[in-house]
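Written out below as C-alpha cells is the structure these notes cover.
Order as written gives the chain letters A, B, C and D; numbering starts at 1 within each chain.
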Amino acid sequence: MLKVGLLGAGRIGQVHAVNIAGNARSSLVAVSDVHRPGAEALAAKFGAQARSTEEILSDPSIDAVLVATSTDTHSDLIEAATAAGKAVLCEKPVDLSLARARACLGAARLSGRPVMIGFNRRFDPNFAALKAAAQRGEIGKSELLSVTSFDPAPPPVSYIKVSGGLFRDMMIHDFDMANFLMGEVPVTVRAVGSSIVDPEIGAAGDVDTAVVTLTYADGRIAVIKNSRRAVYGYDQRVELLGSDGLLQAQNMLENTVVKSTTAGVVSAKPTYFFLERYMPAYAAEWEAFVSAVLENAPMPSTLEDGIAALAMAEAATESARTGQAVTLDLQEDFYRKAV
Amino acid sequence: MLKVGLLGAGRIGQVHAVNIAGNARSSLVAVSDVHRPGAEALAAKFGAQARSTEEILSDPSIDAVLVATSTDTHSDLIEAATAAGKAVLCEKPVDLSLARARACLGAARLSGRPVMIGFNRRFDPNFAALKAAAQRGEIGKSELLSVTSFDPAPPPVSYIKVSGGLFRDMMIHDFDMANFLMGEVPVTVRAVGSSIVDPEIGAAGDVDTAVVTLTYADGRIAVIKNSRRAVYGYDQRVELLGSDGLLQAQNMLENTVVKSTTAGVVSAKPTYFFLERYMPAYAAEWEAFVSAVLENAPMPSTLEDGIAALAMAEAATESARTGQAVTLDLQEDFYRKAV
Amino acid sequence: MLKVGLLGAGRIGQVHAVNIAGNARSSLVAVSDVHRPGAEALAAKFGAQARSTEEILSDPSIDAVLVATSTDTHSDLIEAATAAGKAVLCEKPVDLSLARARACLGAARLSGRPVMIGFNRRFDPNFAALKAAAQRGEIGKSELLSVTSFDPAPPPVSYIKVSGGLFRDMMIHDFDMANFLMGEVPVTVRAVGSSIVDPEIGAAGDVDTAVVTLTYADGRIAVIKNSRRAVYGYDQRVELLGSDGLLQAQNMLENTVVKSTTAGVVSAKPTYFFLERYMPAYAAEWEAFVSAVLENAPMPSTLEDGIAALAMAEAATESARTGQAVTLDLQEDFYRKAV
Amino acid sequence: MLKVGLLGAGRIGQVHAVNIAGNARSSLVAVSDVHRPGAEALAAKFGAQARSTEEILSDPSIDAVLVATSTDTHSDLIEAATAAGKAVLCEKPVDLSLARARACLGAARLSGRPVMIGFNRRFDPNFAALKAAAQRGEIGKSELLSVTSFDPAPPPVSYIKVSGGLFRDMMIHDFDMANFLMGEVPVTVRAVGSSIVDPEIGAAGDVDTAVVTLTYADGRIAVIKNSRRAVYGYDQRVELLGSDGLLQAQNMLENTVVKSTTAGVVSAKPTYFFLERYMPAYAAEWEAFVSAVLENAPMPSTLEDGIAALAMAEAATESARTGQAVTLDLQEDFYRKAV
C-alpha cells in the first residue's frame, strides 16, 4: 500500500484525491494547500490529514507525493520531494523555463528517486489503444502523424499573458503526444500561428490558431493543429498513417443517441473539456504511477519527456516568430526509441 | 447484344431505358405506352422506335421485354410475352391476386421462357454485399433477421385504397428481402398493424405502421418493421444476427459531410426515396437479367419469388385482421434453399 | 447524509458499495452477507461495519438499505426493511412469482416507505438522453419502438433451469425499458422464441432467441429482440420512431480507435457485458435514489414498475408456449402515463 | 443542345463521353484520338463520328470541345480551340510549365471564349456540400482548413520521373481544393516532404509523403497532407474549422455493410481510387460546364484557377527543396474572393 501526500487541493488536486483513495494499492494520508481550508476539506472527505508541505515531505512514513500546485512551484517541489526520498508524480509542465527544468532534472537524477510527469493523455484509453495497435505492428511502419487538439473556448487574456504562450501552454501536450506515438523526438520544427480567434490574444503577443510540422531523422513527418476555440467541444483526435494502414483515435461523445429529423442526423457533441474527456485517463495515470513505484519499474512518462516537450514548445515559439525552421538536438540526451 | 422492347414509358420505365441503353450488352429498340407521346419522346432520346405492345411482342428480332406498366397488366403481359418467345423482366408485384399470379406462373412455365421479377432491392450493393458475406459464412449460421423499411411520407389515401394494403403494396419488398437473405420461406406469419400515422388510412381499411414476425422450420426468426412515414427520408436497413456475429446494412446518406456546432454533430440524411437509394440497384438488376438471358443461367429473382412474397403478404393481411398467427406451406412448391 | 446498510456483498453489492461511499450525500455504514467474510472484507475497505441483516434492519440510525441479495429473498427483505422504516433500493426482479410480488407491494404500501426497484438501464446516460429528447418532443409523437438486447454468451444450462426462463430473466429488462420509454403498459403481448443458439437450452424448456411484439391502446407498437449470444459483445440498442423523426441509442464501444487496412475499416467492439456497459448507470441510479429519499420525491422506478415488467414476462412466456396473443390489463392498477 | 467534340478517347475520355451523351443538354458529335481505332470505337458506341482534331476544331457546327489528351498538349489545344471559337473544358493540369500556362491564359483571354479547367473535385457532392454550407455561414468565419489526400498506391517510378513531382502531379488538386474552399490564394507556402514510402521515388528526385502549410493575408491557415500510399484505398477528406463550428467531408465507402464479430466492428473501405470516388463528380462537372456555356455564366473553375494551383505547386516544390517558406503574390492577377 503506497502512502501518499497530495500537494495542492485545487480542481485537479481533487480529481487526483479520488483516484488515490479509490486505488486498491494506494491511500491518501495527507493533503497540503496554500489555502489551508481547502486542504482541510479535501482531507476530511477521504479520512486524511491536512498538513503543511514541509510536514508531508519530512514524514518518513509517506512514500510518494503528487504535486498538483501551480506551475511555478513544480521544479522546486520535485527537487525537495526527491531529496526527501519521495517518489513523485508531478503535473505538467515541469517548468516554463527550459533551463530551470534541466536543472531540476539534474537534481532529481542525483536523488535517485523516480519522477513521473503527468502527461495524462498518454493514459487516455483511446490514445493508449492506438499506440498499442501501432506497437503490435497493425499498420506496419509509421510514416505520417496528425494531431488535432482544439479547446472549446479561449481562456481569458489575463491567463494568456502569463501562460508562456500557446506552444508552451497548450501544444505542449501535443508535442508529448507526438513523442509518445512516434517513439522519438523530431529534428526540425516549423510553426505558423495567428490570432484569428481573438485579436486581443494577438495584442497580448500570442497566437490562438497554429500548425506545427515536425520532421524526424528517418523521414517521418508529424503535423499538429491547435485552436483555442472549437465551439462544439474539446476536439482531441489523432491519426497515424503507416505502411499497412491508418489508425485514428476519434472523439468521445457525450452519449450515443442519434436523432434523425428533417434537419439531418444529429449525434451528441464531444465531451466538453479535459476533465470530462480525460477523467478515465487520470485514474489510469495514477494506476500506472502506483504500479511503477511498487514494482520498481520505469516511469511511463518522465522528467526527460517533460523537458523534450518543453524544448519543442520553445522551438515552435521561435519558429512562429521568425518564420524559419528550427533544428532540435534532443536525441542524445533524453530519449529512448520506443515505437 | 440483347434487343429489348420496353413496355411502359412512365417514371420507372425511363429509369430502365437509361440502363438498357447504357448496358454494353443490350440495346433499346422499341418503346410502347398507353400514352403514345410518352413512348415517342422516350424512344427518340435513345434512338429507338415507338411501337404498340402488340407490334413489339410480334417482332421476332426482339429478344426480351421489360414490363414497366401498371400492376393490373403484369400477369397478362408476362403470359403474352413468354408465349411470344420473349425473355421477360417484369416489375413487381406479379399481381395483387395470388390465384392470378399462380395461373401466370403456370403459363410462363409452359412457355419455357425465363421470367425475372424486378425485386430491385436484391441488387442494392449494400444488401447484396450483406448476403454475400453471410453466404461466405462470415457470421456463421444465421439466426435472427431484422428488416427496417420506412417510407419518407405516406401516399395519398386514394392510392392506399387501390394498393392492396400495406402488406401487399409496401412490405412485399421486405418479404422478398427476408426470402432473399434467409434463403427459405417461413412457416408462420404474425402481424400487428395500426393507422397511427394517418387516421384516414385506417378509415380506408389499411394500416400505416406494422410489425411482422416470421418463424422458420429450423428455428430461425425474422422481424419486419414498416412505417409509411419517416420524415428524415427513406429508411432501409437490414440486420442479420448469426452464431459468429452480426451483419448490418445501413442507410446510404446524401453526402458525407458532418457539421459540428453547439447544436451537435450533424450528418446528412438518408437518400430521400427509392429512386435515389436504388438507382445503382436498377442498373445492377438489369445487368443481372442480361447476364442470365445471354448465359442461359437461372434468373436471380423469379416468378416463384414473386408468388412467395405475395402469399406472405396475404398471410400478414389476414393475421393483422384476425390477431392470429397464420401458417404457410410454400416450401414444396416454390423454393430452393440458397443461404 | 443518508446512512446506508448494504445487504449482499457479492459482485453487484461491491459495485453498489463504491457508489454509496463515493456519493457526496450518502455513507456506507454497514454490510451484511450470508457469507460473513465477504461482508467483512467489503465493510473494511470502506470503513463500514459487517453486521447481520437483522442488526442492520433494527438499527434506527440507518436510513436506507440496498438489497443486493439473491432474487428469492427480495420480497421478504423489501417487506422487512419497509416495516422497519427503511427506504429501500432493491435489485430487480422483485420476485419470480407475480403473486408474491403483488403481496410484497401491498405490504410496502402499508408501510408508507419508499421502494425503488433497480432497473439500472433507465439510468444509462444513453437511454436517459433518448427518453429526455422524446419527452422534449424532439421527434413528435412516438409511434414505433424497437429494443435490441443481446447478451454476449449464454449462461450455463444449470442457471437457465432456475432462471424463470428468458422472458423473466433477460427480457424483463426490456419490458421495463419499453414501459420507461412508452410511458404506458401495453395491451397485448405476442412472443415467438426458439432455442437455436443452444439446443440444451431448449431441452431445459427455455428459448435463447425471441421476438416479442407489444401493442398499446393508442395504436403504438413496440418490438423487442433478445438473443443469448452476440459474440461481439453486449448489444444494447433502442430505436424510437415518432411523427417528426427517429431516436436511436447505440452501443458504447470499448474505445474510439478506428483502423483502416486492406481488410476494411475496423472499430472497437461494444463494451463486453453489463458491468462495463452499465457502470455509469449504477452510479446514476444510486444518485437518483439518494435524491428521491432526501427530497421526498417520487421514486424513478417503483415496485409497480417491477410488477408490470414481471406481468409482461409471464404473458410473453405464455404466448411463446401457446402461439397466441395474450391480453394484459395493467393500466388501472399500476401505471401513470409519463411520456 | 450543345454539340461537343471530344479530343482524346483514353480512359478519362471514355468517362467524359458517357456524361456528354447522357446529359440532356449536350450531344457528342465527334471524337478524335492519336490512336484512330480508339476514337472510332468510342464514337460508334455513342453514334458520333471519328474525326481528326483539326476537322473538329474547324467544324463551325461544333460548339465546344472537351480536351482529354495528354498534359503536354493542353496549352496548345486550349489556344487552338478558343481561337477556333469553341468553348473549352480541359483536363487539369493546364501545363507543367507556369510560363507556358500564363501564355495560354493570355491567348485564351484574347479569344474571348470561355475555358474551364476540369478540377473534378470541386464537383464532388461532398466537397461541394461542404463549401455550400460554409458559404451559408453555417460555421461562421473560416479559420483553419485541413486537406487529407492519399492515393491507394504509388505510381511506377517511370511515371514519377516525368510527372513534375508530387506537388505538381498530386497535390495540385489539393491546392485547388484549398483555393476553392478558402476563396482566396495564400501568401506563404511551407512544404516538407520525404520518400518514406519508396526510396526509389527519392532516388528519382521526388517525395512520396508531404505536408504543406499555407497562410493567408487575413490570418487563416491551411494544411495539406499527401501520401502516395494508403493501402486501404483512396483517402480524400477535408476539414474546415470556423468560428461557429467544424465541417468535415469524409470518405465515401464501398458499401454500408457493418460486420461485428469477435475481431471487432468492420465497415467497408473507402472507394478504391479516383474513378470510383469521383464518378458522380465528373457528371456534375460536365453539367456545370454545359450550364455555364448555355447560360453565358462564369466558368466554375478557370484557367486562372489552374495557374494559381500550378504556382502553388512550384512554390511548394521550392520550399521542400530549400527548407524555407516561399511567398506568393497571386491575388492581384488572378483571383476573386469567393467565400
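By our rule, a contact is a pair of C-beta atoms (placed from the backbone, for glycine too) under 8 Å apart; a residue touches a chain by one contact, two chains touch by 3 or more.
Keep in mind that this is a model prediction, so the values were computed, not measured.
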A-D compared against C-D, more contacting pairs: A-D
Length of the line joining the C-alpha centres of chain A and chain D, rounded to whole Å: 41
Whole-Å gap between the CA centroids of chain C and chain D: 57
Residue numbers of chain C (touch at least two other chains): 230-232, 235, 244-246, 260-262, 268
Topology of the chain contact graph, where touching chains are joined (line, ring, star, complete, other): complete
Chain B-touching residues of chain C, taken from the complex the two chains share: 143-144, 146, 148, 150, 188, 190, 192-197, 209-211, 213, 215, 218-221, 223, 225, 227, 229-232, 235, 241, 243-246, 323-325
Contacting residues of chain D [partner chain B, same complex]: 18, 22, 47, 125-126, 129-130, 133, 138-139, 244-252, 254-262, 268
In the complex, chain B residues that touch chain A: 230-233, 235, 253, 260-270
